[in-house]
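Each structure below appears as structure tokens.
Next come two complexes, and both contain subunit A; in the first it sits with subunit B, in the second with subunit C.
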Partner chain A sequence: MIFDADIHPTILSSDLLSRLPSPWRRRFELFSTRAVAPPMVYPRVRNGGTRLDSWPPDGLPGSDLDLLREQLLDEYDIGFGVLIPMQGHTFGAEEPEYAAALCRALNDAIAELFLDKEPRLRSCVCVPHEAPRQAVAEIERLAADERYVQILLPTGTSSPPGDSKYLPIYEAAAAAGLPVAFHLGGVEGHRGDGWPSFYLEQHAWYGNSTAMVATNLICAGLFERVPGLQVVLVEGGISWAAPLMWSLDEAWTLLREDVPALRRAPSACFREHFWFTTQPIEEPADPAQLVAALEHTGMTDRIVFSSDYPHWDFDSPSIALRDLPKDWRTAIMSHNGHRLYGGESR
Partner chain B sequence: MNDKDNPGTEATGGIDTDLHCAPASLADLEPYFDRYWRSYIEDANLGLSPSAGGAYPPGAPTTGRAVNGPDALRHRVDDLRYAVLTCVTPFDVSRNPYFEAALASAVNDWVRTEWLEGRSRLRGSIAVSTMDPAAAVAEIERLGDDERFVQVLLPVRGNDVRYGHVRYQPVLAAAAERDLTVCLHAWGRVGTAPSPSGFTHSYLEDYLANAQIAQSQLVSLIAEGVFERCPELRVCLAECGFSWLPPLLWRFDKEWKGVWREVPWVRQRPSEYVYRHIRATTVPAHLPTDERELREALTAIRPADWLMYASDFPHRHGEGGTRLLSALDEAERRAVLSGNALRFYRGLTATGPR
Partner chain C sequence: MRVAVARVADFQPGERRIVRVGRRSIGVFRVGDKFYAINNHCPHMSGPLCLGRTLPHLSSSGPGDVSLAEHDTLLACPWHGWEYDLATGQSFLGPGEKPARGFEVSVQSGHTVSADAAMRFPDRIPGPYVAETFTVRVEDEYVIVDTRQGGTS
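Take a look at the complex of A and B:
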């Protein structure tokens, strides 16, 4: 059974509105949301960033379950697919009560329009991430529903993700036995690197911003505080992890008194708490170098296949990762996802 | 341990591409400020930040101890063929663009007068304004004919746009016209957030962020077509690490294949521009400790095509630099210790200074 850890659904405004209570429905109708989604900052240069064939007759790419079944689940015999509703990234950054209402409506819409109808699909709990009290309430509301397999956060939070402000979210996730997934997006920010001019730059930077999320969580001592927490890094690449761990360990040897909350080698922490999804995996000209780079992470049992359907850079489960050793590929396509998300498909 | 007190053992005959000098106080620079700035400094009771604005906290084991004046540095330089001085004192945190430019000029004149004069192995870096590109160009024009300056020095971070951005193109062009390398050195406006999501709570994280930001600059320079417009331009990434390069290029080359239509002026795979136009210094060297992994990592890193030796004195980054040098074969060692720098900096000769 193939696991796909990154499928992007879209909920149409009409389907959100019908699930928003007053006064949020009226507010959404009149003012929509304020956060600017990354594709508006860096317009994707072709096809609006999605596969040309992923547009249903009515709606948007990712909004039509039948098309998603036809092009993904049935086509590749995917038995367990995790929906990553990216709308949660910007919804979650709004004013706390509004953000909570939007996330609740989004999670409910996903359940009714996708999960109730398709047993092969799972989803994330989208949360008002800048308002941890409300986020915890949403996690507790849905934690018992096993179809939600993780908590979703964007890499673009308004404070560093290891900030104590977010601690209640991680504690609630661990208490519910759910991993936290970081996906690229949220409110775009380039405070140290400076703003890129192009989508190409922004997209390459996603690997770096994911590395900085991991660095921040480790340095903050988060895993000493919440030892049960597992973190999934979605769509951020993988091969940078070994060089990052070499740098973390070398720096920690010299500077450990600066991070007293971190009580063991950062690489040990990294290897015990992080997972990766594959798309868009780095592609060296010589595939042996990718094999070596993944081996150096010591985490090949923590990599889960992802297609990123319906985005333009979709990876086909039948073509992707063919250059990896067969036993790794089998684990990445199936066993690793099983270990991360549990779950037999119903 | 990296033998910091006796670099001769690891780099005899080499070229040190990142050797730090720094004025002990603003008083050292006084002769190089005009009357307005002298009174500005006096009125504000202005001094140099003891931690370089947070980049080098005096107590941090990575900071080391600066030396006072060129004579104290002689034993480090005598065994070398050349040493390129980098003075990061102008990496100011003030938001006064005119002060930033005046400080850069004063430091450049101080380096020229107090360090380069009569010392044939030393080369200098022209520090320039980050907030006022016209002032940066003027400074390059002012000093660019002095052959002892071999590069233009900019902080790798701290601006709201990247160095490939149209704002900085005149600065890069002015450097390229004079055959000057552009050095993007670690730090810059420290205390501002290095990450996408804000101020970091630890120095360790800030320290490592230089490596992530250097990658963004590399990507920016290539995506903006800087090397198509300035085919002679060379860029050195100093004190920002280097072992991150292979994964970055594997992603960058792949994504360029997907979205090249956005940047049609990028005519070749990004990695080709990197190996032709960009080099990194050897420390901090973040490498695996396992021998087999080290060999595999270096195969991907291609040290002979990518690295230039630097002591980074007085900063200390652990044992990685030594591990790197001892893992190189003879040809790689020659390229890293001197060959790449000879090709990368103007006016250096294989036989050393006359």
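Take a look at the complex of A and C:
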């Protein structure tokens, strides 16, 4: 059974409105939500950044379950697909009560329009991440529903993600036995080097913001405070991870008094607490170089296939990763996802 | 295998038809008065090539000068946007720098020129992928696609 760890659904405004209570329904009608940050503002390569054939006659890419079934689940025999509702990245950054209402409406719409109708799909709990008290309430509301397999956060949180402000979210996730997934996006800064000038720069180096998340969580000592927490780095590449671990370990050897909360080598934290999804995995001209880079991470058992449907840079499950050793590919397409998210019973 | 696609009169310039020929899905395109047939399968990642947009060749001799070819003869895959020449199936990357060196000059038959991707689009770099193309003919007012031999006649 193929696991796909990154499928992007879209909930149409009309389906959100009907699930928003007063006064938030009226506010959404009049003002909508705050605009997305530059990742969506850059001129996209083609077709709004999505596959041209993923636009349904009515609606937006990712809004039509039948088309998603036809083009992804049925086409490639995907048995377990995780929805990553990117609308949560912006909804979750609104002021607390509005953010909570939006995320609740989003999670409920996903359940009713996708999960109730399609047993192969799972989703994330989208949370008002800048309002941790409300975020914890949303996690607790949905934790018993096994169709929600992780908590979703954007890489662009208002404060660095290791900030103590967010600790209750991580504690609630661990208490619920759910990983936290970070996906590129959000309304705040593009950490690392700030916003690049062009979409090409950003697309080629999604790993930059993703690496900042991993570094910050480790150095904040998060995994000493919440030892049961697992973190999934979605859509951020992988090959950068080993050199980063080398540098972090060396710095920690020399400078560990700077981060007393971090009691173990950063690489040990990395290898015990993080997972990756594949798309957009780095594709060097010589595939052996990718194999070497992945081997250096020591984490090939913690990489899960992702297609990124319906985005334009979609990876076909039947074509992608063919150059990897067969046992790695089998694990990445299936076994690793099974270990991370559980299998058919969920 | 030969399959009748449509009556010529029902197949207007700029239109396309996607037909099944045996196990293959093939896109037939009418560009002006010419017909082209290309496999509905992108050699990059198996996308449905013939659902993509067509576009004309764009060329420029320098800043301020842009010219579009008269007809759409390039087809962009709806997934990752690889662009293919409908006539040859050759993929292309973006515009390239012309090498500063001497060029050979020769006289060739029209058929050879048509098949030579570099001569059809001298200012673009051929990409690594080549989509399969097929012969299309007009016979007795019908458009016929023929998979027994490659290449558009």
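The definition used in the following text is that the second predicted complex is superposed on the first by the 333 of 346 C-alpha atoms of A that agree within 3 Å, B and C clash if a C-alpha of one lies under 4 Å from a C-alpha of the other, contacts with A are read in each partner's own complex, and residues count from 1 in each chain.
FYI, a contact is a pair of C-beta atoms (placed from the backbone, for glycine too) under 8 Å apart; a residue touches a chain by one contact, two chains touch by 3 or more.
Note that this is a predicted model, so its numbers are computed, not measured.
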item: Subunit B versus subunit C as contact partner of A:Ala211, first or second or both or neither; value: first
item: Chain touching more of subunit A, residue-wise (subunit B, subunit C); value: B
item: Partner chain in contact with A:Ser318 - subunit B first, subunit C second, else both or neither; value: second
item: Which of subunit B and subunit C A:Gly237 touches, first, second, both or neither; value: first
item: First, second, both or neither for A:Arg46, with subunit B first and subunit C second; value: both
item: First, second, both or neither for A:Ser63, with subunit B first and subunit C second; value: neither
item: Which of subunit B and subunit C A:Thr278 touches, first, second, both or neither; value: neither
item: Touched partner set for A:Pro160, first subunit B, second subunit C, both or neither; value: first
item: Which superposed partner A:Thr90 touches (first subunit B, second subunit C, both, neither); value: neither
item: Subunit B and subunit C footprints on subunit A, overlapping residues; value: 45-46, 312-313
item: Parts of subunit C lying in touch with subunit A, wherever the complex brings them together; value: 45-48, 51-53, 76, 78-81
item: Subunit A residues within the subunit C interface of the complex; value: 45-47, 51-53, 312-316, 318-320
item: Contact set on subunit B toward subunit A in their complex; value: 60-62, 157-165, 192-205, 207-209, 211-213, 215-217, 219-220, 223-224, 241, 243-244, 246-256, 258-259, 261-263, 284, 286-288, 293, 296-297, 299-300, 316-320
item: Subunit B-touching residues of subunit A, taken from the complex the two chains share; value: 44-46, 155-163, 188-201, 203-205, 207-209, 211-212, 215-216, 219-220, 237, 239-240, 242-244, 246-248, 250-255, 258-259, 280, 282-285, 289-290, 292-293, 296, 312-313
